[in-house]
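First subunit A sits with subunit B, and in the next complex the same chain sits with subunit C.
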Partner chain A sequence: MSLVAEAFMNQLAAAEPWPENAALYQQLKEDQILLSDNAASLAVQAFLQMCNLPVRVVCRANAEYMSPSGKVPFIHVGNQVVSELGPIVQFVKAKGHSLSDGLDEVQKAEMKAYMELVNNMLLTAELYLQWCDDVTVEEITHPRYGSPYPWPLNRILSYQKQWEIRRKMKAIGWAGKSLEQVLEDVDQCCQALSQRLGTQPYFFNKQPTELDALVFGHLFTILTTQLITDELSEKVKNYGNLTAFCRRIEQQYFEGHDKDGSAAASARSAKRSLLR
Partner chain B sequence: MASGSRAALALGRGNGACGYKPPSQGPATAPEAAPPPAAFPSRLCCRGRSGAAMRGQHRCVPRACAAGGQDGGSHGAELLGRRLGAAVPSSGVSDRHADVPVLISEDTVISQPAKILNFLRKQRYNADYELSAKQGADTLAYIALLEEKLLPALLHTFWVEAENYCSVTKPWFASRIPFPLSLYLPGKMSREALNRILLTRGGPPLYSLTEVEAQIYRDAKECLNLLSKRLGTSQFFFGNTPTTLDAFVFGFLAPVYKVCFPRVQLQEHLKQLTNLCRFCDDILTCYFKLTITGHSPSGQDTADANLQKLTQLVNKESNLIEKMDDNLRKSPQHPPRKITTLKLAAGGEESSPLNRLSP
Partner chain C sequence: MGTVHARSLEPLPASGPDFGALGEEAELVEVEPEAKQEILENKDVVVQHVHFDGLGRTRDDIIMYEIADVFKAKNLIDVMRKSHEAREKLLRLGIFRQVEVLIDTCQGDDALPNGLDVTFEVTELRRLTGSYNTMVGNNEGSMVLGLKFPNLLGRAEKVTFQFSYGTKETSYGLSFFKPQPGNFERNFSVNLYKVTGQFPWSSLRETDRGISTEFNFPIWKTNHTLKWEGVWRELGCLARTASFSVREESGHSLKSSISHAMVIDSRNSSILPKRGALLKINQELAGYTGGDVSFLKEDFEFQLNKQLLWDSVFSASLWGGMLVPIGDKPSSIADRFYLGGPTSVRGFSMYSIGPQSDGDYLGGEAYWAGGLHLYTPLPFRPGRGGFGDLFRTHFFLNAGNLCNLNYGDGPKAHLQKLAEYIRWSYGAGIVLRLGNIARLELNYCFPMGVQSGDRICDGVQFGAGIRFL
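Here is the complex of A and B:
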């Protein structure tokens, strides 16, 4: 978006308070959603919970196509539709809620750097595992991705998406990596996150920020998703403080709410639903 | 990508004083306050032909062929190399490797910045010995930030922006690549850069290249601002000794800072961040300056009379080539050719061998 358009959006956002009927759209929890999309959706849900903003989760098979940027999740607030964590954080900030106001400039720079680290390594590794590892693709991804659609549309859509992701992997140099190298990268990333977290409750000590939401989204999904092998979740389980961090955020922000249609239910169902 | 290769190359050069600890010694060795500048006799051997000759001569030390250090990546690699004592001259692009930067050491060929750094680390050249665990984690995070936010704009400035590409990048690379690859490789690198930008940043709602360009330049400027805030007033990112992160940042920033492009919006933004400019200048003066004798002070006793003779030969050759060029230009049959000389303003000695390049 150009600067003018963005300023205009911010002004529109600031005009109204957060409504009660805000909705977050993602793909179908039980059958369709994949590892990376679930991680992103959970991160946004965690962020909104941390900001104390109510949102209900709506599952639609065509969520990806409804989204303005083609990526899930997206939120529908009042008259506006915003997708992906970065723009959602800015949108929420324009409405007057922010988690990172208390940080100084250096800490904000650090926070942004760590968010890029998670996006660069964890998200790319998840995409690689889902779309470039042949066994996983054949047994998990293709059946799940096209499940709401009849044959042959389901195969066509999933092949199209696979081709697109593989092109992107090739452009950034991940196509030549083996699964072991990708898992090693995940391990390196988790080590960095674990070292940064240390013994603190959150990454920036006392208050959670969007970085905590993002890390929670990815790590919780990795820990609770059953794939062909457990190697990915084993890499995360090696770091005790990261698993404790996930448990802490789950208990604090997800289990204290109603059971119907809340984020807690969707988080818990992730454990059972992402099976073959 | 290539920006990290500058980090890896630099890892091989320089002295052993900054953070390098051989495993047998205890932690008592304190690094020297002012690292002596590293020499690079092979800077004189920047031409393809003589570069090949140099390569043949010095197989025993880790050497990097890094496209003469023009592309963002090779400088960081070169810098780290220099800091940590390995003798790393830079020469022309190897005709065997389309992939730069590339480190050739005793017939081992390693071609990506991260792998080059790992290789150097295994050879016991490590700039991060004194960092705490958290600082190590920060290094990884900031490198990811650079690759996500700054790299697309860098690629765009070098390879996609038509004026920059045609007047600076393409002749520069083509002059270092032996014929006939020089007709094909720069175009291929340009297409790959555009592809990468569009695939990683070009999804909806950005539907045209101009919108993508606007977004990536905004991200790059924000990234530069973040780096500037992180650096603050200190000399390097983690105190007074340089580390891997400094090398990576230098590798990304130095080409933007120093190369004279026709279209320079990123450079103008960078020049307003005075602490980053000072950072680049410091590293350039410390680690990329020719010494008087032309030898690396890190004790390269093997860089002996052979090397001196070779450099003299190369100098003579370059003078001859210059004379031939002059004759050619003055000759009435040939139309006057435009010389694209590159003004790297780092220092007199450094710019003169490079200025003798003529495409």
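Here is the complex of A and C:
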């Protein structure tokens, strides 16, 4: 379809109201999904909850390949398929729902900067830990990533993904980093977030924004995912206001819903509870 | 044909040919050649030696099998015929570029008076040959580059590497072939391949990487093939606008299947046959040797040809197939059947019949298709005896149906479902024969029985391929 036609279709879609049967697709919760994908999916779920838009979570083993950009999660709304938090925020804005309308230009720029920080630091650190730390790769990532597939396909696919991620790490200069350096970066990122959050309930005072959803997604997943060591979650636990922030959002937006929609259930299955 | 030399069996008398000495034989026939023929046929001979000139890396034992019959010949005509058959068999092995046969009387101390020596002069193929071809498939064309190692270990084994770049497909493959010595029709081969295909009618892209081993063997008049295949299939959407049903099929799967095929072919040619019949039955069972796709697939192809008066041929064909998924996983779009197009039910667009979603055709689990054709030479027979013989005019009636069956119901319900919503078409056109492998068709079609969702191509439709309904 040409660009003009696609823009026209998007305009038409924007005019339609949010349907009842909107679905969010991610990998299988119990056995397959990895830390970074779970964080991304949780961020989108939190965002949609904050906008008060109902969505049901559908788990498919091939969610990563179904996605138009190759990344999870993606939402299927009416006839449209949109993947990743950024485009989803734009899509939802076109339908008239937005969390960041109340912010002025300076604040919007600040929000974008912090979101970039999370994506460049936290997300990359998660990917590094999953795919470049040999112990984690052998014991957690390879078995989980290939679990829906029969031998030898499970091995082939996880090795293929590992090469891809390692190439990306080399390109951004993280290949030479050691685990300690990565954890240091995580600590610095958490420090920056903690300072910005301060004692406020949300990053931009009274109202949650997409930044809150993104930070919640990553931090909550880090805190509740059982890895080989606890070093990653300890870094986050050092900042009390961040853990309180995660608990607050979990209580406000995820508890009180049935198990399928609950972030707690999705992150908690086979993982530790936040409250320990 | 190669050359066969023969010398007379008896030395000519010193004073020149003396037909008087032949006695009564000379009076029986008036024409000289016939007299010679009589002598040759009646003379008993014994093949004492068979020589081979030009063997390099070829092993002796496989040659022995092919020429064993030559020793059994009893008279000269028999020797000539058996040598010719042996020559054909040697050429069929695919290891010689040229085979020439020399028949001579036996010389030497142990020579019998009616002893013969047969000498095969052969030239072996080089160790490595390259080739460049163009290929025509079903409505697609491609360039094929090949590298071949014929007769690798001396017993007609062959290793081939092929790279093909086409309008719809890019592929490469490595294959190893070994016939059974003495029994060329029995052979086995191992293939490794990677094939990518694009299917715009389903907005689907498919990449297959696989390995297969197959055994071919003839039983009486039929040819059987037993094959195990392991394929890693990767499906993806061809465009961002692919329907969600096709998007849901994206991803990776592993198919490990064993299949059996039987072919009986009594036609005189595979393209535009004049007489004979073809029956092909194929079954495939996937899932019991690994992989995550599990099904049983059956399909058959039947064709009957009969020559009528004035050089016209009447042909009837019937195709059908069924896919039964085993277990609770639904069937994959890559395994289902498709129908429609210039090589299948004419008058409809390529594979554009049957279940679809947003314009993407998903294929079906059961189908049947039939065709009745009348081929006649071109009106007024232009270019007769030459170029004009490659063309035929062609009147056809095609019909078919493709659907998904609910396997819980009985066979009666299945037949009923296949019989409702039949698509059919009729028309006429011109067929051009390309060698012995492919044909081109230009038809004017009238599609009928069109259901909502089918895409038709009424009017002029062009088709090229090797397998037509």
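Here, the second predicted complex is superposed on the first by the 253 of 276 C-alpha atoms of A that agree within 3 Å, B and C clash if a C-alpha of one lies under 4 Å from a C-alpha of the other, contacts with A are read in each partner's own complex, and residues count from 1 in each chain.
We take it that a residue touches a chain if its C-beta (ideal position, glycine included) is under 8 Å from a C-beta of that chain, and two chains touch if they have at least 3 such contacts.
Please read all numbers here as calculations on a predicted model, not as lab measurements.
Asker: Quick one: classify A:Q251 as touching subunit B (first), subunit C (second), both or neither.
Answerer: In the superposition, A:Q251 touches no partner, neither subunit B nor subunit C.
Asker: Could you look at A:Q181 and tell me whether it touches subunit B, subunit C, both or neither (first, second, both, neither)?
Answerer: Neither: A:Q181 stays clear of subunit B and subunit C.
Asker: Which partner does A:K168 reach: the first (subunit B), the second (subunit C), both, or neither?
Answerer: first
Asker: Of the partners subunit B and subunit C, which touch A:L153 in the superposed model: first, second, both, neither?
Answerer: A:L153: touches subunit C, not subunit B.
Asker: Using the touch definition from the top, say if A:P68 reaches subunit B (first), subunit C (second), both or neither.
Answerer: So A:P68 meets both subunit B and subunit C here.
Asker: For the overlaid complexes, name the partner, subunit B or subunit C, with more touching residues on subunit A.
Answerer: For subunit A, the partner with the higher number of touched residues is B.
Asker: Touching A:A109, do we find subunit B (first), subunit C (second), both, or neither?
Answerer: first
Asker: Who does A:Q11 touch here: subunit B (first), subunit C (second), both, or neither?
Answerer: neither
Asker: Check the residue A:N120 against both partner chains and state whether it touches subunit B (first), subunit C (second), both, or neither.
Answerer: Only subunit B; A:N120 stays clear of subunit C.
Asker: State which residues of subunit A lie in both footprints, the one left by subunit B and the one left by subunit C.
Answerer: The answer is residues 1, 68 of subunit A.
Asker: Quick check on the complex: what are the subunit C residues that touch subunit A?
Answerer: 232, 235-237, 239-241, 244, 247-248, 250-254, 290-292
Asker: If you look only at subunit B, which of its residues touch subunit A in the complex?
Answerer: 1, 112, 133-134, 136-138, 140-142, 144-145, 147-149, 192, 195-196, 199-200, 203-205, 211, 214-215, 218, 226-227, 229-230, 232
Asker: Given the complex with subunit B, which residues does subunit A contribute to the contact?
Answerer: Against subunit B, subunit A makes touches at 1-3, 68-71, 105-106, 108-110, 112-114, 116-117, 119-121, 167-168, 171-173, 188-189, 191-193, 195-196, 198.
Asker: In their shared complex, at which residues does subunit A touch subunit C?
Answerer: 1, 6, 60-62, 64-66, 68, 76, 81, 149-153, 156-157
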